[in-house]
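Okay, so subunit A shows up in both of these, paired with subunit B first and subunit C after.
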Partner chain A sequence: MRRVFEVFRQERKGQPLQHAGSLVAPDERFAELYAREQYGRRQESAALWLVPREAVHEIGDFPDEFDLKYRRVDGYSIKERLREARERASSAEPAAEGAEGAG
Partner chain B sequence: MDTRTQEFVEYVQSGGQVEATDWMPDEYRARLIKFIEMHANSELMGVLPERDWILRAPTLQRKLALTAKIQDEVGHAQLIYRVVEDLGKPRSACLDDLVSGRSKFHNVFHYPTRTWGDVGVIAWLVDAAAIVSQKALLKCSYAPYARIMKKICWEESFHILHGRDVILTLVTGTQEQFELVQEALNRWWEPLMHFHGTPIPADDDPMLFWRIKSQANEDARQQFLDGYVPQIRELGLEIPDPALRKDEETGRWLYTEPDWERLRAVITGHGPASAERLAFRRLSRADVAWVERVVLAEAA
Partner chain C sequence: MSARTDLLLQLADDELILGWRDSEWTGIAPFLEEDVAFSSIAQNEIGHARALYELAAAELGTSADALAFDRRPEEYRCAPLVELRRLEWARTIARRWLYETADELRLAALKESPDPELAGIAAKMDREETYHRLHAEMWVDRLLATEEGRSRLEEAVEELWPYALGVLDDELRPDLRRRAEERLGRALPEVEPIPRGVHEADLAELWEEMTMVRRSAPAGARW
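So, the complex of A and B:
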């Protein structure tokens, strides 16, 4: 029997495990042997995860039918209004000084 | 070209990457398989010229380093054949096609290694030429291949350093040692100039069209010359091409046109060591068939 194992690799402790490739092995024992040989023999990995391909449950689509932008950063465009607010604030300054002088 | 293919082309041409489970046009898949399979074949065949020198390496340290390099290259073949398998061609079919001569491997692995100087030139300059191509493949539109290339490039940098170390030892040694390098360079210069392929214009290259490659053949060769001609010359070595010089105005290297007909002959299995290498690969495949049987029986 030949099973495909997906290999996830962590380069240094604290970093995320990232998909590195896959290997084919008849069982877990050989999978570990091959993974050590192919992905770890030069101390290039801090950890490996071996996941049988059939165990991977993939979700690859994230529909956004209503384009709900208010939940994201790109749903806000503040540049124009920020400029306007700044302009308003700076044109109001002399009035503020006047008020202070009057006091 | 249908709409779906058209969209796919636009996607990859704008830098998009494709995963193994994504839909892809048949032509894209076929080109990927052919290209990546040849790469895997080259890694596997590439160890044979160096293997000849394990027993003859001049010191124990060199023997160990050479063995480690060979181990790396076989490891690369394993990783790359896996990418081909996921595209739909099993490794056993790749090996069948390799030993029967139906598929190809890189031109530089069709030549014999006459002296220890050849081993140094291969590890330094052949690997340097290869790393130019492989770095460009980090941007390949097929993501699983690009990811594997990251690990491969990391290991190749040790190979280049090992090769450079061998060369530096020889050129700082006796006159005889220096000449070993010069003679090897003379032998390897043409294969090195062939390495990146014919100067096919970028617009006509289907591998660039599909963004499997991101660099035109001639650009890769120019990059290699830019990086390595000065390094070769500073050691007092002479490159066997009197026409080789850099055009200061265009920044491009000019050189004697290599014999492209010879390249074609070599990669179709008519190189000086092609037959011998394939015969050896056939022999070792038959020799180790029992291992596969035992492993599968034990795991069953």
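So, the complex of A and C:
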């Protein structure tokens, strides 16, 4: 009878839709109406996505048994490599793109 | 007063008083999402009232606020339907639905008006009322879907029926009856409409509250 809908909101055309919150409604039609009122009536949204919560497949565990630090976003510094690549790029042909992507 | 101004005041008073009545649900509607939606609809109605009062005020050489708040209760031209205080959800939904159905007929006629200002404001209101109608129709669907819902809605509609007829002039009443009966799938009683011009005791109480701030600062309050 009561269903939870996750609401994603796009602030301006071309921007990504981001999670804005959730709402409770008896069905999709009420959910649309409530979403319009809660997330659209102040002209704050260019578009909304309504997703029934049961349609969301959640993943919440990310094992890292062998401590592979270099895979983490903060575990591997590319600063030095980037500097070297830039130097190479300015002295030779523009082949630096591959080096930047190495991180 | 011209027939045009009289008509503007009828519409404006209906919207103001219904908006005020519906805003009484703010904070206590059946659940949070409905509370937000219902309050927003009430706010829209008061917004329509303001636009209508402004047109009337231009003709009468006064202001929208003065028309909304400085008249005596008996001077309001609203239909008794919107004055009733029935803080019960089935009656609230029944009233919204009856009012929106009547209002749709009234606005459709007004959109054809040779007066461009009237036709324009009717078209503008109608675009917003579309969402109000959607809201009311969705609730009616839900109530009709169960036996308890149907009986509560029908009981409320029957009580409000003579009032609903009173929102419209004679010529539009048969259309309202046809629509309402089709929607409910049953005949509604043949009754004397309760027309504009008479007021419910509930209005005086609402007026006391609605004009309290205005009356407390006759020179005009600013905030």
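Here is the rule we go by: the second predicted complex is superposed on the first by the 69 of 103 C-alpha atoms of A that agree within 3 Å, B and C clash if a C-alpha of one lies under 4 Å from a C-alpha of the other, contacts with A are read in each partner's own complex, and residues count from 1 in each chain.
In this section, a contact is a pair of C-beta atoms (placed from the backbone, for glycine too) under 8 Å apart; a residue touches a chain by one contact, two chains touch by 3 or more.
Every value quoted in this text rests on a predicted model; they were computed, and no experiment measured them.
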Fit or clash - subunit C, subunit B, common subunit A: clash
Which partner reaches more residues of subunit A (counting touched residues only), subunit B or subunit C: B
Which superposed partner A:K13 touches (first subunit B, second subunit C, both, neither): neither
Partner chain(s) touched by A:E58 [first = subunit B, second = subunit C, both, neither]: first
Touching partner for A:V24 - first (subunit B), second (subunit C), both, neither: both
Touched partner set for A:R42, first subunit B, second subunit C, both or neither: first
Which superposed partner A:R88 touches (first subunit B, second subunit C, both, neither): neither
Clash with subunit B, by subunit C stretch, listed 8-16, 98-106 or 134-142: 134-142
Contact residues of subunit A, present in both the subunit B and the subunit C interface: 23-26, 29-30, 34, 37-38, 41
Touching residues on subunit A, where the partner in the complex is subunit B: 1, 19-27, 29-30, 34, 37-39, 41-42, 44, 58, 60
Subunit A partner contacts - residues on subunit B that touch it in the complex: 21, 71, 75, 78-79, 82-83, 85-86, 91, 144, 147-148, 151, 154-155, 295-296, 298-300
For the subunit A and subunit C complex, residues of the former touching the latter: 23-26, 29-30, 33-34, 36-38, 41
Touch list for subunit C against partner subunit A, complex: 31-34, 36-37, 40, 131, 134-135, 138, 142
